[in-house]
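Here subunit A shows up in two complexes: once beside subunit B, once beside subunit C.
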Partner chain A sequence: MSYVAAMTEFQPLTTPAVRLSALRLSFGAHLAVDDVSLDILPGDFVAILGPSGCGKTTLLRLLGGFLTPDQGTIEIDGADVTSQGPERRPTNTVFQGYGLFPHMTVRQNVSYGLKIAGRSTPAEIRDQVDQALGLVRMNDFAERNSRALSGGQQQRVALARALVMRPHVLLLDESLAALDLKLRHQMQDELRRIHREIGGTFVFVTHDQNEAFFLANKVAVMNKGRIEQFAAPSDIYHRPSTRFVATFVGEANVIEGRRENGTVMIGDGQFLASSGPDGPVEIMIRPEDIRLGKDVSGAAMTLRATLIDQVFQGSFLKLTFAGESGRHYVATLNDEPRGTARALGEKLDLSWDIGRMRVFDKGAA
Partner chain B sequence: MTTDTAKTSLGLALPALGLNAFLFILPLGYFFVVSFLQVKAYQIALSPTFGNYARALREYPDALLSTLGLAFIVAILVTLLGLAYALACRFLKESWGNLLLAIALITLFGGYLAKLYAWRTILGGNGIVNSGLMELGLIGEPITALLYNDFAVILALTHYTLPLAILPIYGALKAVDDLPIAAARDLGASGWRVFCDIVLPQCAQGLFSAFALTLLFVAGDAIAPRLLGGTSSTMIGVFIQNQFGFRVNAPLGSALAFTMIAGSALILIAVAFLGNRALRPRSAL
Partner chain C sequence: MNSRLLAPLGVTIGLFMIAPLLVMLLFAFSSSSLLKLPIEGLTLHWFAALTETQGFYPSLVNSLLIALTVGAASTVIGTLAAFGLTAGRHRLRNVSMPVLVLPLLVPPLVLGIVFLSYFSGLGFRLGLHTTIIAQTVTLQPIVILILASRLAGFDWATVDSARDLGAAPWRIFIDIIFPIIRPTILGAALIVMALSLDDFIITIFTIGGENTLPTLLWGMMRKGVDPRMNACAFILVSLTLLMGGLALRLTRTRN
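Our next item is the complex of A and B:
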């Protein structure tokens, strides 16, 4: 751990731990990673979030040195590593498919990297391996053949095998996906703790938004090989920069409209001042930002709608409304007073703050 | 395991066992019995003896040892070449790998004899090698030492058994997953270490199959030495053939064959033991 601390301490603060510049990689005609640029700072815990097949694993493999980009460069701690193989990079990877050595025991798997590095005595290796196995709760399986493990157990051994190396940059590819919910939450806590303790930079690929928000201090939302937004979780959620981000992360009402002369007509009798070129736009409002009742402040918009569905979801109620135009709006409300039941077909006033809306130009990237 | 599954697996194994008994155990068993009998007046007499084995060890030790030695050399050579070839098939870009594999399979065509005669022509006095070298002015007259010696036998047997040996090695390599290889590199292993620590241990069985296949084939061959070998060191197969043939001494021939089998088995056991030790992952140092 002192190794990582020493490495980061004497770097000028501006040197990113990882810098991706205009990375591009295609498999045949398929552009898997499309013009990705990203600066990851030392100590960052970055989540790469995106739907299946959007290129997350490919991006991580580029970072780890298993793929060479068609274009662009990869720098780690200011050094260009684009042409270096994985054995020369200060990175370690936890693979989506685990990749345990099937002819070795759990202990042999986890100690392999330390043996190769040749910096520790056998006793030290033993201690470090025991410690790493403890972190992932696999001590009891140390002498087990790695073939005789369940998926979740294999995943934890793969995690221990990378963690034990105390890598400068740790790359994790959906590394908790095979675990049950309880173990998964435990391991998430562990990962956060490990990151705080040993420091270093973590890059975690996931398609689970909750996991990304829980673990990461920065989230890169990926779609079709591109990074659509790279920001803190709250910015991703509250200030999505594209319609994709708005709808992929959390729930969103998306309302089609038109902008003319700086005014967006939403329909259902609503207008909104919004600067930008004339043309079709989409407006996003989160369900929890919609309130019941008329607004009197003037900084909000109000419309009348008919309740067509309500669902009790424990900590909140989910209400679906139909506006006069027939468009649906989903609102989530606290169940207060408890056990409130509204009659379906009831006409109610909905309102929300104008500042909570996001306007996306349609057709623009 | 429950008795039910034990029953079904026995049921499934029965046809294979039967086939084995018919093709392998029956004839071998017959000759094994014969190897303890004697020949009297050109007839096999039912009087048991160890005399055939004593004679085999007394009269043919040179042939037995040199045959085992030659078989060992060819088996090592073929296993190494087969490994190199199979590695290329497995790890080159997919289309190239498949092409190499197809070439190896195609060379299986053409019988054994055809290949031996081909080598006779290539290595002979007017063969391609000699006329080529003479054409280039490197030699004045044909090198006769190319043919009718162990070198020619080893060359021809290596050539013939190589494609057969490539198959089990390739099969084993095909089963080696890409991900553990990537993981080993990620943990800092050089290409050579990945090969030794990850690839080799996982294809050990394929290597052993290739080695055993080659060793047993060469140890039992009587044709290559006859066509390409010299007169000085005749392989045991030739003697065995003679005993069964014009010497009409099947018991001695059988004893020679079983001595050879025992020798081969010893080599295989030793190789399996040493290979296992060399490739087993070290436990926590």
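Our next item is the complex of A and C:
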């Protein structure tokens, strides 16, 4: 076998827990999932993050087997499950509305899947259910009717009902969205703890950026049925690959410019070396990356702007500037000496590291 | 309007509407054979007399038989129809609902005539069976409407969850869907039975030589009025109220 052949037959050491290849699904004329390819590794806690209607639920239902793709394949642990329904897939889903069986007690709800599987004795089922309820701290509620539970408790039972099946992949659809803020934070902590305790692969749908960053080690940002970027939270935040990701996740200053011969001209008389085709581009800089004062290092950009608004936000100060071309810049400062006040209308120097800027070609998406 | 005024007003209107019924029922226990107030004494004599009336027991049995059969048949048909209408996303849906519910909107008198000419056109001999068919056609829309509104609010995530946990379709129906909507189905059946017991118009057109309690009552009335009829009415009203009450209890949404 030649060296080259050996290279092409090289397989990654771990089979992905989930591999989506060129998935596509449309509802009538509407393309809900558009050419999605994704590798999720065993043990990953993945968040699918995107605005309402972008196809998150649809993608999760494809994963769970509730929908069949028009094109593409779904592999779980290396096995093609594209044509299998949810009853045969090694996945379990926690639905947004929980879907608890209202005519059953908590224990009956959690036992149901094990009973159907018919592989365990009643005593084993009892043990496993107790364990699952212990994991979500619901032991005291085992004999309670599932109708007589609060939202957070229902959420826990739904989680236990899915976990007791020991799914290879656990799917959660906006599971925390219906809870109030405090309970939501509490459940986020619980989910993290559970993932730490039992390991396993979790895929979680949310439109809440904080939730995605808090829970996941990988975030897939979705827009209009496509995955725009799939990366670790810090990469998503600091190295967004598209303008959509940059503005959907966190706040961003977006500056229009043109690239000519490898140089981007920003309106306010600034230049930046950037390789790529000539044409309009957009430049992104995060508000917290903007500093006050001139930079002399040469690895930074500096421009002069007028302070037009300042808002105290507790842990940081949010300043809005107008550049010479009238363009607005937002900067957040958190290393302010207390009580420093600046007058509106004051002209100040703003600077930021060139490495912190991201340049997006405008034609592309 | 002020709610403190509303309550007494409601009670007054309710009394006004219900008073004739109460008086009518009271006469069933009056010791005088004349229907006049005040009544002189209380007796169960008229109930005894009623049971001795020719044809009473057969009518009672017929009434119950028809009510049970119509209740069962229209519940099965109506439930299946409601499932077909709500679960499917097909294009016929907007058309089929009004068509299936049409019998509720046509005056019973017209329906009675239609059934009569239909059955005689087909050469059917009239009897209990024709009444059962006619009442089932007339009453199943009620089941469709009740079930369709229940299914519209049905939490389909329970079904998805059951599937996800490995349940086959028939298991999902037996373990999940049916237990959840069972009270509604029973309630709808009881309402249909109550309406069937009550029915006079469709029945008189389709039952031929047989009698139910309402047609018996009507026959008695043609020969003159006496408190036996009040006793008969009392039995009918009690049966109907009993079923209606049970139905309300069952269909009342919990929580």
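As a working rule, the second predicted complex is superposed on the first by the 320 of 365 C-alpha atoms of A that agree within 3 Å, B and C clash if a C-alpha of one lies under 4 Å from a C-alpha of the other, contacts with A are read in each partner's own complex, and residues count from 1 in each chain.
Criterion: contacts are C-beta pairs under 8 Å (C-beta built on N, C-alpha and C of every residue); 3 or more make two chains touch, one makes a residue touch a chain.
It should be emphasised that the depicted structure is a prediction, and the values quoted were computed from it without experimental measurement.
Peer 1: For the three-chain model obtained by superposing on subunit A, do subunit B and subunit C clash or fit?
Peer 2: Once subunit A is superposed (C-alpha atoms), there is a clash between subunit B and subunit C.
Peer 1: I'd like to know which partner A:A117 touches here: subunit B for first, subunit C for second, both or neither.
Peer 2: In the superposed model, A:A117 contacts both subunit B and subunit C.
Peer 1: When the two structures are laid over each other on chain A, which of subunit B and subunit C touches more residues of subunit A?
Peer 2: The partner with more contacted residues on subunit A is B.
Peer 1: Determine, under the contact definition given at the top, whether A:R161 touches first (subunit B), second (subunit C), both, or neither.
Peer 2: So A:R161 meets both subunit B and subunit C here.
Peer 1: Could you say whether A:T93 touches subunit B, subunit C, both of them, or neither, answering first, second, both or neither?
Peer 2: both
Peer 1: Touching A:P51, do we find subunit B (first), subunit C (second), both, or neither?
Peer 2: After superposing on A, A:P51 lies clear of both subunit B and subunit C.
Peer 1: On the A-aligned overlay, A:R126 touches which partner chain: subunit B = first, subunit C = second, or both, or neither?
Peer 2: first
Peer 1: Thinking of the overlay built on chain A, is A:R107 touched by subunit B (first), by subunit C (second), by both, or by neither?
Peer 2: A:R107 sits against subunit B, while subunit C stays out of touch.
Peer 1: Is A:R147 touching the first partner subunit B, the second partner subunit C, both, or neither of them?
Peer 2: Only subunit C is touched by A:R147; subunit B is not.
Peer 1: Given 60-68, 132-140, 204-212 or 276-284, which one is the stretch of subunit B whose C-alpha atoms run into subunit C?
Peer 2: 204-212
Peer 1: Which subunit A residues come up in both lists, the one for subunit B and the one for subunit C?
Peer 2: 64, 66, 85-87, 91-93, 95, 97-103, 112-113, 116-117, 158, 161-162, 165
Peer 1: Mind listing the subunit B positions that touch subunit A in their complex?
Peer 2: That would be residues 177, 179-180, 182-190, 193, 197-198, 201-202, 281-285 of subunit B.
Peer 1: For the complex, which residues does subunit A have touching subunit B?
Peer 2: 64-66, 85-87, 91-93, 95, 97-105, 107-108, 111-113, 115-117, 122, 125-126, 129, 158, 161-162, 165
Peer 1: Which positions of subunit A touch subunit C when the two form their complex?
Peer 2: 64, 66, 85-88, 91-93, 95-103, 112-113, 116-117, 147, 158, 161-162, 165
Peer 1: Could you pull out which subunit C residues touch subunit A in their complex?
Peer 2: Residues of subunit C touching subunit A: 155, 157-168, 171, 175-176, 179-180, 254-255.
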